[in-house]
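Got some structures for you, see below.
Common to both upcoming complexes is chain A, partnered first by chain B, then by chain C.
And then the complex of A and B:
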């Protein structure tokens, strides 16, 4: 099936530039022959593969779709349909030179109190900076922003791109999983209709089995992060595991290999008692949100050097994922529906009742010997910010200090770097944490 | 700007908007009647009525601050929610027997989590409202309505029969028909009622026993049909947005000469422009279809914007609207997105458009006045 779409020139150029940026990072890393560098290289290679796939589809008019991580990408893998995730550019080239201008551009569309990452997704479409897919899968949870952004996409520049939404129920019970499994089946039909790719249930079984291995390995790795000191810092592990299992290699063999390398390295470090934080780990933090990728050169090194902070666990690194039961089509779709509604990070906490915020905090604090919980208060996370009282009370109950900052994870100008450092310093001092 | 009619009923409606427990509601409570609050225009008031209670739309009018709520929510939460939850914490909603929420927006659904932990209300119930409007969603919401009905039956020790449901549907449809008649009068070149006054009427419809309301509105309609119309306005305006329940806000705009003749808000046409189909065989299915498919949708329903866009353009024609004001509660993502799309629509059709951000409690009247004035000038009035 050919798509006969005219691709915006700007989008292809941007994708190629971003790819070149990632390529440059890879080259810089190749000077480092350590195992840790090798793990990072594995992720960057996966990113580059994704860029190649999308650029190839866009240049050669092959079908591909735009979607989000929260749609059980095992389905895409099983169907063999190429896909990319909406805010890919912003996430991956987050420190790339153009991102700040893009943030400004997105503010002109939706103002400054609408989640930056979501408004970037709309901005990239409106500004012809996203490759135009054959079809688009809209995300309708966990927040209000997703619902309206996809309506804006549909009624705007991509009015001629077919768009699909799966309706997410509020509850997490068998009735909801069954309902959402049907929504996922509808999605399969939609993808076939607009791309020509079809679903083979035996293939889905193979993919789910492979994916189960990845998730099992991820869990094994997470056990190793419980050790004090934690064998890796925030840069290795949680964000990468999430990206590999849910986005780059969902149910693909490359994923399993990568996870094995990660575990082998962590085991070695645990045996040798090596801390992920070079100067020694003095504060074990649960960073309860998306990691502050945009701040990686400003805050993270400072937190490590000044306070001995290790973000031992974050919202994206830990979820009690269930294995997909591969008995038959029903059980697989039910498992994928449950994963989509109740397991993927952020969706799990923010879509339905607020209870997961609390039970996750409680479990992670206990399992990972956490010294303090930080809710960054990303300006997009309205539901979480309306849950700060509950989180604070939970932390008080289990005897762990809680900090709510109030920042934009994707724009350092919202709360300045200096202000954030000051907030951290005052908090750690008051809690008596991190003293040398 | 005011109507020429000196109506006692209108005054009662206006008073009803200024307080949570208005005179009619107080009478009901004094007689031992029960009241149940709901948080969104998707709240199925008919089921509450069928259970023998008075449904009231939750508001925070008269709130004097958010100090207590701010311990639980943050400054990026919609001020309606913070004020409303604050009133829960200070006990001002202690008179309600129950509350029902829908996961209508990120802010409101978290009031539920906080409320059930911090405020002692005998019955709290959450309903899962779909975000799409196909048949599968009608079926889903049908089941949610059954679960809600059963929760009320259990709590009150009653049976809600189909007859009770049909009676409630007829009663609420009557309210909708009467409100629509009121709006018909606003289509005239010289409407007999201002936008601020009309808003008071609609708010009152969500705040008092419906039988009384319907009676009173019939009386008002009689008075208005003979009233002299308003002619001293500069332009006819339509207001679009979410929870706008304060007539004082509209009055600021009307005081500079912009007569608000219609709207698409949660305390406006979207709650009464269509009715529940009384020809359906089963009342719960009728209600599910109304809330999911027939009621004019708000932006939280995916893929409904083109329909809303047509709804707005039809209104503009029918009510001879000269300009549109889009109002958005600060931090409300649903309406940020919606107004972005609306702005584009208005540009393409050439209808003058003004976007106003606001907080729930009307403040900064000067700023609204200045912007409204400038807007009227920009449209040449």
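And then the complex of A and C:
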């Protein structure tokens, strides 16, 4: 099926610029012949492939969709439909020079109280900086912000793009999973209607089996991060695993190979007792949110050098995933529904009962020998803000220091880098952590 | 507090039923104080007893892989006499005879203490996940499963379910001094036997979840939102489900074409 969409020129230019930026990063990494660099190169190549796929669809008027990580991308892989993650530009343009200007632009659109990543995503649409898809899959949880963004999209520049949102139930029980599995089936029908791509259940089984291998390897890798000292630092590990399993290689063969390389490297380092933090690991942190993607180069090297911090685990790196039962269509959709409702990060914690905020913290602290829990308090995560008191209480109960900062994960001007460093230093000193 | 008492009896029935069906059942009676429990164990028990992980290549046996299943839960009572103190029951194969195997794994920890109450529940639950407290034994960090590994080294030292049971008893008794009696059941016989155990586990988890809600409520926090219009709390939800079912049936039924409207001239 072909469509007659006119793509905004600016969008294609931005995409190509961002791709060129990623290409430059890849070339810079090529100078490094270490195994670790090779693993990161694998991720950047996956990013470049995704750019190529979307640009090809946009330039040649082939159908593609915009969606989210929380929709079990195994479905898209099985259908063969090209897709990109709606906030991808915001996530991946992270260190690109234009992003700060874009944040300012988005502020003119929606003010400064709305989650920056969502605001940016909407801005890219309204400023003609996003390729226009054949159809859009809207995310209706875990926060009000995602709903608002899609409502705005529906009436703005993408008013003629068909949009579908699966209705997420509140609870986590069989009735909810069954309901959401039917929502995912409706989504398949919607995609077929607007792109022509169809679902073959045998193909879905193959994809889920491949995906199961990836998730099992990811979980195996996470076990290696429990070792003291953790074999990898912030430059390699959880964010890459998340991106590969849920976005770039969900159920695709290349993913398994990439995870195997990662594990082999981590196992080697564990056996040799090599610490991921060059100067030695002194504080093992659970960063309970998305990593500070927009400004990690400002903060992470400093944390390592000054305090010996290793962010051993974060919300997006944790793996509470069940294997998908591939027995039949029912079991696969049930598994994908459960994953989409109760296992993907942020959705898991903030959509329904708040218990996951607490049980995840308790389990991770124990299993990963965590010294302190940091809730960065991203200005957009108001859903989680309602649970700060409970998280603090839980940390008191299990005897681990808890820090709530209050910042913007995607804009370092909200709480300045210097202020954040100062907050960290006072916290670590008061808790008696990180002393040499 | 009798919240779990009925389930202690159900577990005894479960064991009896499997025994009647010819499962291999082994009962071991252990000492009951922490020092006696630890005495003579070939592996270290306590905080930082292990490095926390066992690599795949160093694994002697795997327990509870999701492919074959696991079920784990705790229950407690203030009627200490209901618990057979120091008793370990193993239904199925033991570790030493399972080199290289991946066994289904059920683990039930039953505790009694006159002063045990809902206040201890969270601590008891958390203690199931022993992290680095048993040398040569690792529970993988995956919620919803009790998926673990025994190392080659530990197996070489004779690690078996008696040692695991004793170590667990020592850890629990150290962490919660109100425990006056403790009993452990392990199941490795089959996936089907585990399913029967998990049927009991499901009911236990429901009670456990209610205790968690009540505990947080008492602290002044609601961990779930209950709206009046929420389907789960609506007494008529079954009627709605029936209607949805009927709508689905109707959709599937081939529609008969409607007669065309004839325009009046």
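Please note the rule applied: the second predicted complex is superposed on the first by the 436 of 436 C-alpha atoms of A that agree within 3 Å, B and C clash if a C-alpha of one lies under 4 Å from a C-alpha of the other, contacts with A are read in each partner's own complex, and residues count from 1 in each chain.
In this section, a contact is a pair of C-beta atoms (placed from the backbone, for glycine too) under 8 Å apart; a residue touches a chain by one contact, two chains touch by 3 or more.
Given the structure is predicted, the values throughout are model-derived calculations rather than measurements.
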item	value
Clash or fit (per the criteria above) of chain B with chain C on chain A	clash
Partner chain in contact with A:245 - chain B first, chain C second, else both or neither	neither
Chain B versus chain C as contact partner of A:360, first or second or both or neither	second
Partner chain in contact with A:137 - chain B first, chain C second, else both or neither	neither
Touched partner set for A:322, first chain B, second chain C, both or neither	second
Chain A residues touched by each partner, larger count belonging to chain B or chain C	B
Which of chain B and chain C A:109 touches, first, second, both or neither	first
First, second, both or neither for A:277, with chain B first and chain C second	neither
First (chain B), second (chain C), both or neither touched by A:150	first
First, second, both or neither for A:168, with chain B first and chain C second	first
Chain B versus chain C as contact partner of A:70, first or second or both or neither	neither
Part of chain B, among the options 4-12, 22-30, 58-66 or 112-120, whose backbone runs into chain C after overlay	112-120
Contact residues of chain A, present in both the chain B and the chain C interface	170-171, 175, 352-355, 389-390
Interfacial residue positions of chain A with respect to chain B in the complex	109-111, 113-115, 138, 140-141, 143-145, 147-152, 154-156, 163, 165, 167-171, 175-176, 179, 182-183, 350, 352-355, 377, 379, 382-383, 385-390, 404, 406
Touch list for chain A against partner chain C, complex	170-171, 173, 175, 219-220, 222-224, 226-228, 267, 270-271, 319-323, 352-355, 358-360, 362-364, 366-369, 389-390, 393, 397-398
Residue ranges of chain B in contact with chain A within the complex	71-78, 81, 103, 105-107, 109-111, 113-114, 117, 126-132, 136-137, 140, 143, 299-306, 309, 330-334, 336-338, 340-341, 344
Contact footprint of chain A on chain C as seen in their complex	51-53, 55-56, 66-67, 122, 126, 129, 131-132, 138-144, 209, 212, 216, 219, 221-225, 230, 232
